[in-house]
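Two complexes, one shared chain (chain A), two partners (chain B, chain C).
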Partner chain A sequence: MSHNDTIPLYQSSQSDIDEIENMMNGGLQSGPGTVLPARPPSPIRPSIPVSSSPFVQSNLPPLPPSSSSVPAPPSLPPAVNFGSSEGSKTIGFGSPPNTLTEPVWDTVKRDLSRIVSNLKLVVFPNPNREDPGKALRDWDLWGPFFFIVFLGLTLSWSASVKKSEVFAVAFALLAAGAVILTLNVLLLGGHIIFFQSLSLLGYCLFPLDVGAVICMLKDNVILKMIVVTVTLAWSSWAAYPFMSAAVNPRRKALALYPVFLMYVSVGFLIIAID
Partner chain B sequence: MWLTGADTFSGNGNSSTDEPQSGGWLHKFTVGAYKPFFDVDTSDVVERLKESLFPFRGTFTEKTADKPDLYGPFWICTTLIFVAASIGTFVTYVAHKWKKQEWNYDINLVTWSAGVFYGYVTLVPLALYVVLKYFSAPSGLVQLFCLYGYSLFVFIPALCLSVVPVEIFRWVIAGVAGFMSATFVALNLKAHINSAGERSILIIASIFLLQLGLAVVLKLYLFTVTV
Partner chain C sequence: MDPNQPPVENYANPKTCLFHVLFKGAALAFYILSALFFNSFVIIFVVTVLLAALDFWVVKNVSGRILVGLRWWNEINDLGESVWKFESLDQESLARMNKKDSWLFWWTLYLAAAAWLVLGIFSLIRFQADYLLVVGVCLSLNAANIIGFTKCKKDAKKQFQQFASQTIASRFQSTVQSAFTLV
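Take a look at the complex of A and B:
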């Protein structure tokens, strides 16, 4: 099956198409782990059509119309693509990031930008807040981990004695608290995804992080109380829509009270450490 | 291989069926096994809390017989830990500041009070359950947890009131709260275990004293300021 308007493919993509074809035709003998040598294109080789019809009538899976941009991810040397399973993913879908060979800065930058965008969604006012499903669809756990550790470290720096115990208690309180709060909602018959909820509770710690840093820099008790109260209210406001939407309305207070309790206890820890 | 293993999915998942034996002992580790104990609304919990403040009615066990909950006990204990740690810290802070001395936050207060409260609400009902079974007047374990958990609620306002730095006042508050809490537990168990014969007086007296003992320990540890 050949098509009229085709463009020649790069050697690497061609070998991947060969591999898929072999897998479909020949069963299990050439799985993703095997290495296939590159072969020159033969006349009956199917190629990516540039024609207007979006459906490819071959034994390949249908390719999207934007497949004309397929010719080879430029960052990959052809030698890498042979037979590797991630190579076969690059067929026909633009150039998705190959997370093993991209520069480290790219990976870090991508994770950082996801953390920032999640933070903006959760903690700052934006139109998507009322819809909890949309709010944190792309949840991750790096952000919460970073915020919890940072809060523990800040409290530990502020403490004048027993620094390591303070860090341990703060970290345990926050981590166990997030897990227990999620379990509480699940037990009350609510509908949330476990890790999405952990992620959200972690992100809502961001205002308390800011408050802890301010309290570490300025040692006035009155200022500390004001700052902690404001950041506590901010954190609770951030967590409220998500938690209250997750349970039956008659049990809303039962689900929200523990969240409030945890943030108040963390706020108290921030004030008390001097 | 997961195509052929579809029939092994029946037992150990988060079962929404009502069979008590599905999955055997592993079922105890799922969230679904404990959902029936959290089947309360806000209004139910508030009513049970109010009930615990009137120890002489003795109707608590009847009201919670069919739907004992574990939400109340767990979160009352957790709140108590937080209140105890914060009030205890605040009291020592104020005392040190008045005497113009160095003060450092004692993080052990949190861990200590966590041990005391969780331990008390877990171990004492367990022991009582065993004792009652021995005397052939069995009570459900969850009902006992529920009873003990709600009985600790009266300590929350008591701890808040103990901030006042007058020693006699603190002892009075501790005494009143301990007495109320102990009476609550004793009266609610009394109707249930009268069938155990003459031993029932012994059991009731001992749990009464135990609860009073808890109040005294709290007062001594949290509010004894060594300045």
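Take a look at the complex of A and C:
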């Protein structure tokens, strides 16, 4: 949409917002300030649509709405994800995806599907494991939250005495452990993002959750040991690529050993609970 | 009825306002009253933290959008860097936002954080480490929302100022161009 050669001499009935948007889009294509990264667009992830214009046209009706439900957004193509510096907006082409006026149910579904996809990426074998940084791009802390609480509850249920202490200890151990492990990687000079790593370590607890449930149901010691060993190996296998890719190869063991240690101690907690 | 009285602006989104306050209040009330009814710390912890987490989600995703037209989240771009993204409605809609709604939004956010702080000080005085854990989790959730939305509001103002000056400049440019083409 380049500048017109002739500007209409009559006032069009466009709203102010449309006019501003047209001028913005027109200015975008001729402006030297916008820098497009020279790489193919990233694959469309089933997650957050990026706001592609600074201002989102509001769907608020001019009359005060009587209910809090918002109108459904128009169906929009997903915008290409441009890298941007901290805090600044991205500017894109065409109509912007509108997360501000989507219905609440859409938000819920989007978050739930993100949890499921993150779980699948981390815990189950998939082709993205070779490029660990890409896999947990859309980190979220809901999954880890549920898994930690669930593990604490399971351990607490299995315990016959001091249930509260068991829960508090399990929760504090897992939460503080995740934070300390992340700090460990950062202090070793590794490149990892704090929340991404927390999210990863939380998701890797899923196998241990499964193991804890099985141990709660069957009280056989041999079975418990086998189950815990298997799930422990699974958890460590899940965490390995992400942690090892984040640090210098010579310091891989230093980064991985504490992770393994934490999962082993959780495993002992599961076995020893009676 | 006094005909000279100016019409009082009502809440524009009463249901959203209710939910905004509901989970916060429920978490605080449950925490304070539970000591009277429940002996088990586990239940107190799980229910309080669950309510606080639900409140965090509601404020971040629903009431922030509807009551003040702001939204914030964090993404990791292709270069592996962490990027904070902010989104806001355009200035016209922001100005049209119900004043009562946004007043309620911000003040309940601050009050809840202050209340958790006070409860945290109490449990610190009584040396109850496990209750301090609960308070710590709830406080950090509230603080995250406050910081996120404050940053978003500042960013929206900055964006609008930048945008306004950009618009004026390009409008001037197009006016000058049209003047030349018409000659």
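As a working rule, the second predicted complex is superposed on the first by the 168 of 274 C-alpha atoms of A that agree within 3 Å, B and C clash if a C-alpha of one lies under 4 Å from a C-alpha of the other, contacts with A are read in each partner's own complex, and residues count from 1 in each chain.
Everything that follows uses one rule, which is that a contact is a pair of C-beta atoms (placed from the backbone, for glycine too) under 8 Å apart; a residue touches a chain by one contact, two chains touch by 3 or more.
Owing to the predicted nature of the structure, the values given are computational and were not obtained by experimental measurement.
Once the two complexes are laid over each other on the shared chain, residue contacts for A:V161 go to chain B alone; chain C is not touched.
In the superposed model, A:R251 lies in contact with chain B only, and not with chain C. Ranking chain B and chain C by residues of chain A touched puts C first.
When the shared chain is aligned, chain B comes close enough to touch A:L186, but chain C does not. Judged by the touch definition given at the top, the superposed model places A:V149 against chain C, while chain B stays out of reach.
When the two structures are aligned on the shared chain, A:N220 is found in touch with neither chain B nor chain C. Contact with neither chain B nor chain C is seen for A:N126 once the two complexes are overlaid on the shared chain. Overlap of the chain B and chain C interfaces on chain A comprises no residues.
Chain A meets chain C in the complex at residues 3, 5-7, 16-17, 20, 23-24, 26-27, 39, 42, 48, 50-51, 54-58, 60, 64-65, 67-68, 70, 81, 83-87, 89, 99-101, 104, 107, 111, 133, 137-139, 142, 145, 149, 152-153, 156, 163-164, 167-168, 171-172, 191, 193-196.
Taken together, the chain B residues at the contact with chain A in this complex read 31, 34-35, 37-43, 45, 71, 75, 78-79, 82, 86, 89, 93, 104-105, 107-108, 110-111. Touching chain B in their complex are the following residues of chain A: 159-162, 165-166, 169, 173, 183-184, 186-189, 248, 250-254, 257-258, 261, 264-265, 268, 272-274. Across the interface of their complex, chain A is touched by residues 10, 12-16, 40-42, 45-46, 49-50, 53, 57, 61-62, 65-66, 69, 71, 73-93, 96, 98, 130, 133, 151, 155, 159-160, 163, 166-167, 170-171, 174, 177-178, 181 of chain C.
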